[in-house]
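Worksheet for the structure shown next.
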Amino acid sequence: MTPLLDVQDLKVHFPLANGSTVHAVDGVSFQVNEGDSFGIVGESGSGKSTTAQALMRLVDPVAGSITLDKHDLGRLEGEALRSLRHMLQMVFQDPYSSLNPWLRAGQAVREPLDLMGLGPARGRDKRVDEMFRAVGLHPDAKRLFPHQFSGGQRQRLCIARAMVTEPRLIVCDEPVSALDVAIQAQILNLLKKLQAEKHLTYVFISHDLAVVQHLCTHVAVMYLGEFVETAPTQELFANAKHPYTWSLMAAALSPDDTTPSTERFTVTGEPPSPINPPKGCRFAGRCPFATDTCRAEKPPVKTFAEGHKVACHYAGELTPPLPELAAHAA
Amino acid sequence: MDPVLEITDLKVGVDTGRQVQSVLDGVSLKLTPGKTLGVVGESGCGKSMTALSTMGLLPDRFAVSGGSINLMGEDLLAAKPARMRELRGNAISMIFQEPMTALNPVLTVERQIAEVVELHQGKTGAEAREIALEMLRAVQIPSPEDRLAAYPHELSGGMRQRVMIAIALACRPKVIIADEPTTALDVTVQAQIFRLLRELQEQTETAIMLITHDLGAVAEMADEVAVLYAGKCVESGPVREILSNPSHPYTRGLMACTPRLRLGAAAASAAEEGLGEIPGMVPPLGRFPKACRFAPRCALADARCHAEAPPLVPAGPDHSALCWHTDKMEQVA
Amino acid sequence: MTETTSARTTAAPEATGPKPAHPALEFLRAFARNQSAIIGLILLAIVLGTTFLGPVFYDVDPYSMVDMPFVAPGGDYAPLGTDYLGRDMLAGIIEGGRATLAVGAAAAVISVVIGILIGSLAGYFGGWIDAALMKVTEFFQILPTLLLAMVLVTIFGATLVTITIAIGAVSWPQVARLARAEFMKIRKLDYVQAARTAGARDAYLIFRVILPAALPPLVVAAGLAVGAAILFEAGMSFLGLGDPNTMSWGLIIGQNRNYLLDAWWTVTLPGVAIFITVLAISLVGDGINDALNPKLRRR
Amino acid sequence: MKLLKTSTLAGALALGLSAGFTPAFADTLVVGTTQTPRHFNGAIQSGIATFMATAQVFASPLKYDAEWNPEPYLAESWETSEDGLSVTLHLRDGVTFHDGEPLTSADVKFSIETIKENHPFQTMLAPVTEVETPDDLTAVIHLANPHPALMLAMSPALMPIIPEHVYGEGNIQENPANLSPVGSGPFKFVEYQQGDFYRLEKNEDFFLDGLPKMDEVIVQIIGDQANLTLSAERGDVDMVPFMSAIRDVQRLEKADGVSVSDDGYDAIGPLNWIAFNTQKPPFDDVRVRQAIGYAMNKDFILERLLGGVAKDSVGPITATSPMATDEVEAYDFDLEKAAALLDEAGLAPDADGVRFTATMDFIPGMAEMGRNMAEYMRTQLRPLGIEVEVRTAPDFPTWAQRIASYDFDMTEDSVYNWGDPVIGVHRTYLTSNIREGVIWSNTQRYSNPEVDALLEQAAVETDPEARAELYKTFQQIVVADAPILFINEVPFYTAYNDGLTGLPQTIWGAVSPWDEVEWTE
Amino acid sequence: MPPLVKRLASAIGLLVAVLVLNFLLIQMAPGDPVEVIVGEMGGASEELIARLRAEYGLDKPVIVQLGLYLSKVVTGDFGYSYYFNQPVLSLILQRLPATILLVVSSLMIAVVVGTLMGIYSARKPKGLLSHFVTIFSLVGYAAPVFWTGLMLLILFASVFPIFPVSGMQNVRGSETWIGAVLDVLHHLVLPSVTLASIYIATYSRLSRASMLDVLGSDYIRTARAKGLNERRVIFGHALRNGLIPVVTMVGLQFGQLFAGAVLVETVFNWPGLGRLAYESILRRDYPTILAILFFSAILVMVANILTDLAYGRIDPRIGGGRRKPSKPKGAAQ
């Protein structure tokens, strides 16, 4: 089966005024099959949002290819690119800034149809009504302005807008991180429900491992512009092999787990700047297992069972410092 | 042990010009030395207002309309502004959510720490500088000597939050109020900050009021928990008690909404786990329901819930909940 | 905050947000609460009423001599006195107001159109286009506007049209900078990105998406530009570079300037007229700004 | 903040000081003027601003009293040859320039040649063929034809004797000494603060005994007339010569401690008039020009517009000149007559009552004589069916350009007699002086062979009475032909502190030496 | 330091552009300067006119004149003023100090008074005095500056003769050095206050807005939480941050301030560059006009560089050695 989305060696760099370059995304490859949801997890500055924007061609990659259903998305320009836009849509992080305050809710959802000339003009309103219902909003709300909606409702509107063109792929950039936990659950459930109903494909960006585990079928862990570990969700959470993934897992808090922080596995320091990323393994500086090899040489990507890929010199050789993983491995 | 800070029946209102709307309605909390009280709830429930009332830093148009805040036998609500200034940053200090903006961008780290020491302990010059350095060491900032002259923008988010903690701790306060101190930080850094707070608390016996929306953070940090909803404290008690046996439908709902990380063997079953929901949203200010404020979103709500304010019902040792149906909790989620 | 909305959600009924009022209504309410803005509006109405309806009620030829020169206000023939030729000051101020306001408005339109054009292109496209356009802007900004306008008027002759063009041509950089800043800010907002992913072309993004959002501060800037242009014209007239065949407030001041010591009213009254007009415009502009700011910009 | 405090302090201090603003040095004279001099070399530059300084710093062969009589100055005596073709000057012995160098006849020769070559008043020395210097103290001026105007041309303002050793090198237009002049006059030049003031001090070695009386003279340039008037009123300046702004004159008349006088200035002869482009229809028709003359209400102009301060002007020669006459057509206000003349010229009113439209220019910067006159004409000629559009020139050159290239219908203009008619009058009427591009030539393009002949004769006629007769005929013809409508003499007043005496009251007014001015108290 | 080099290069480029544009602009003007000279001399013969044309190079093609002009400017030769009869450079250097004195003192008055007003009304935005401040500052802004000047002149030089009428010094001279300085300051009061009056409004509004912004920021809340009193909060923490936009505006407005000086200098006979500009425009003194435009551009540029330096001092995020790059577009998260 050909994947719906095939990203090969994607690189996005930003030049700075002072001559240096931000290596925001530095050689990322992945495939997403139709109906899957592919989660990208990482901390701020890891390049996960830039990856999303590159997929949407809101920023231009400097290298690599993005293939969406045989279309070479990474190279298209102008009208050719525009004509493909209906195939992929995006849900943004901040529901407050992602809706035009001057457009009524109905217009906002209808806008992509009008801009791309999709469907007969008469049918568009019906389609908008449909979408409102699909995301749990009453079509009467079409006449309201964005500021009259709550954050959760706005995110529903954004989802409706993203889905109105019947896209093949929806890129969700931290769609719930600005929401309160109760609303977050509502939106996650909505996304899950819609995916099931409409057989959607997601690329889902998040900093929250638990959310990704809940929603995604595949997960990539990103650090400083690179994927350090990629695997199907179940495999990753059962057999994580990269020390960075472990640190993320150890830091994730759960109401069920009252282990005091002083007894948890933690890494020191904070992610270094993506302007001059370390030469060897980019995580070496914070990794408790790092050796001189790690600091000097770029780790190879090792593939394990079920397409589990890990970029670590010692992948599979280290004992996970987390009791659950250690127990599972043993 | 005697509480170091006791908030009793605190009422706060906001003057919208047309009317005074209730923001907090009878919140009572207790802080014990060396212990952490977690205050949880969604945004708009009054967590931050509780903290700011305690600090005497309520924004314009907000005013305390009843209750008492007692710090070691002194009623803060009755204290004069000058007295409050003496206490602030000294006996009681605060850590804010956004380390990016909570530090003054144009002053050096040294200045911002030394300032409190100068103000409250009368130490100046080299002495104040020495204390500032000591505080930076205490919050485990690498090469603290170099950091003294740094400006906030030259520090990472985690380091800035460490500086905030240094400022808060500089005068050895009895109480620290930490308002969502890690929300703006990455998870690995959050873990570091929590660890630091724990370690410092063990050394100083400071009482911490940890304000958060994250039950995971409460589980990790808190000894006691208070759950706020729409300006009321709906449930309070020891952390293990509350998390293992939540006795208010709201607390239960929050627990159900929070996605759990399932690692190792448990990962296999994660896919089947659904996510609970609390329907609707926190009512905006001024539109709090009259009886039980949670009733419109509550699966257990019946006619009485909509008609009569619920009583505070004991649900275990030191554990109480504001609900008519504490006995029917199993039915929720 | 008090009304409820009919929008009920079907699947997951969230209590819907408040404020169903139209943004324009919200804006009007906020504006109406601002006392000084209302005072400004009243003053502006008085100024416009006097200049445009004035001739209907006060039918005196502003160019003819009605009395001796320099009759003080309260004279038999001229309620606000006469000027150095014995012409009626009141008629002159009514007549001059039209030219003054016309120059102000036209010059403001010129500067705002140029400014928005340059600022929006620079702010939207960024990169070398921005760099080049900003160089041009900077170039115009380092030259003292008044001097440049004086040179232009000297070269092309002092007529109302050349004065208007000269003022417009030198005062756009500020608008351009403002427009650029707004465009840079707004183009990064998610909803603009969303429109782009929805297949919007550059022109649509510039004019239909970004410009409406950037417009409020630009409208205010345009209003203030009218005030600035009025002051500008007055300054030029004062220096003797006004159009002598069209009575304007600046010209009246400039022409009577030498008699200030003996006939204070000839200089003071048109000055007061300018002052009231510019004041009214600023008050209204501030009012609009304040009314727009909290409501529509945030949230 | 600090500055603000200091300023307030200074203000407070000044409040105390300004209570009695008596001169700090009793023997200092502060003269106020609105005009900024280009420089101070009157040999190559005309204009009041330069002349005022020139008359103080330089000395000239002759000077004049208030009755048009020449007096010895650098020349102890002089004689004109019988044929009127040479004038011999006998210079005072022992005169030195301010730098100590002696003044000799060579300097006189150099000065006259420089003036002849460079001075804008071309007719002034035009007949001079050669200056002979038989010895150091004698200069003989040879003329191509008799030139009675030469006597007035030897006045302080017009013929400064400039030292050859200072001005002889290089392009005199750019000689640095133009801004720091060296002369032999009563005052030495000390400093010039560009656009602010210049300072002169007493020439201790001045050749006239006991003169000058003042130790120091400062000329302060106050560009704005109202400010200058205020300064005079407050006593900040002691003397304001060449005042012509009516309101300010009237105001200073009333001010305490300040007097105003129009004594002197007779030779300046500044006339304010309206000139026509006589080659351009309909102004090529004498009846049209005359009609406009009859349409002007001179009483209103003189009494109302000019506040009764300016004197009537009836012809091309200033009334105080011995050559003047008042036996000319008076153009009394008569709208009917004006209308009749226009009808006669075939200019009937159209449906809107408009006969024709015309533009009116004026010299920029002279509000009352210029702009007000133009504005007045617009208002006044409208009932007659003439629509006047007032054209403003943003600056003097623009106006001069328009007029000198004959791009005008009517213009207000102020032209000075400068003493002898040959210097200041002939230039306006001679056919030979129709010189495109030169302002204050015959820009009206008025051409009348009879007038040309009369002026030629008058220029060389040495008998004053016969000369006056020639000029009388000339004046009658010109007024009747009306290439120019004469309105008024530009009034020149001197405002001065009551404590001053010895004010210059010669025919040259304030452009003569101020050597006798002194404080009485 | 590459940024400074780059900046200088860009500045030089702009200045050359200023020279070329103005030169070409003036070439478009009708009439030529020799006519002006001749007019000012009171007329001249045709030979003299031709000689003058040749002397000033006006008989050459425009492009040659431009080349000659530019090459002379490089050597500091701005030509010879036709009207004022001296080298343009010396003319300008004589006038420059007076203008700088006027402009800088006005700027200081405007900034200090405006900022203080702004701070005051930001602290008590609803107070009566705040409204008064708003109105008062608008007076200066809305009235034509020459009119304000004339009114002040009438009031304080005629009705109450407290201040001198015109010029920048008493021509009679002062006996002492200090007397001369005080004399200049005395003359400076009315012009500088007049010129400042336009900008007081700008700065008071600007600083009011920015102080309101700053006072609502997190780090001010932090400062209050430290127990600082209001004065230290305002002057120790808020002011420097609040000044940042003010400083930016100072740089941007310097050119306009200079333009305002033309009017003020004319009203008060201040012997500065502004009046020279006015006079030379009226006299068509092209070399002088060109040089004035050039020098005012230099003044504005110097002012901009100075404001940048000040900016760097006030705001450590700008300019300071350890510069942290701003986040590029889309690089967030």
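Each chain carries a letter (A, B, C, D and E) given by its place in the written order, and its residues are counted from 1.
Throughout what follows, contacts are C-beta pairs under 8 Å (C-beta built on N, C-alpha and C of every residue); 3 or more make two chains touch, one makes a residue touch a chain.
Since the structure is predicted, the reported quantities are computational estimates derived from the model, not experimental observations.
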Between chain D and chain E, which partner chains are common? C
Using the touch definition up top, find the fewest steps from chain C to chain E. 1
With centres defined as the mean C-alpha position, give me the chain A-chain E separation in Å. 53
Centroid spacing, where centroids are CA-atom means, of chain A and chain B in whole angstrom: 31
Euclidean distance of C-alpha centroids - chain A vs chain D, Å: 89
Among the residues of chain E, pick out those that touch two or more other chains and give their numbers. 30, 158, 266, 281-282, 284, 329
For chain C, what residues touch not just one other chain but two or more? 12, 14-15, 17-18, 154, 240, 257, 260-261
Mind pulling the residue numbers of chain B that touch at least two other chains? 277, 279, 281
Quick one: which bits of chain D touch chain C in the complex? Just the residue numbers, please. 224-226, 229-230, 245, 247-248, 250-251, 304-305, 364-365, 367-368, 371-372, 375-376, 378-379, 389-392, 394-395, 398
So in the complex, which bits of chain C are touching chain A? 5-12, 14-20, 22-23, 189-201, 204, 209, 212-213, 296, 299
Chain C-touching residues of chain E, taken from the complex the two chains share: 10, 14, 17-18, 21-22, 25-26, 28-30, 131, 134-135, 138-139, 141-147, 150-151, 154, 158, 205, 252, 255-256, 258-260, 262-263, 266, 277-278, 281-282, 284, 289, 292-293, 296-297, 300-301, 304, 329
Could you pull out which chain D residues touch chain E in their complex? 1, 3-4, 6-7, 9-11, 13-15, 18, 23-25, 28, 30, 36, 38-39, 44-47, 117-118, 120-122, 171, 173-174, 176, 178-179, 193-197, 199, 218, 220-224, 227, 230-231, 233-234, 236, 364-365, 394-398, 400-401, 404, 435, 437-441
Chain B residues within the chain E interface of the complex: 55, 57, 84-90, 93-94, 96, 98, 101-107, 115-116, 119-120, 151, 153-154, 164, 167
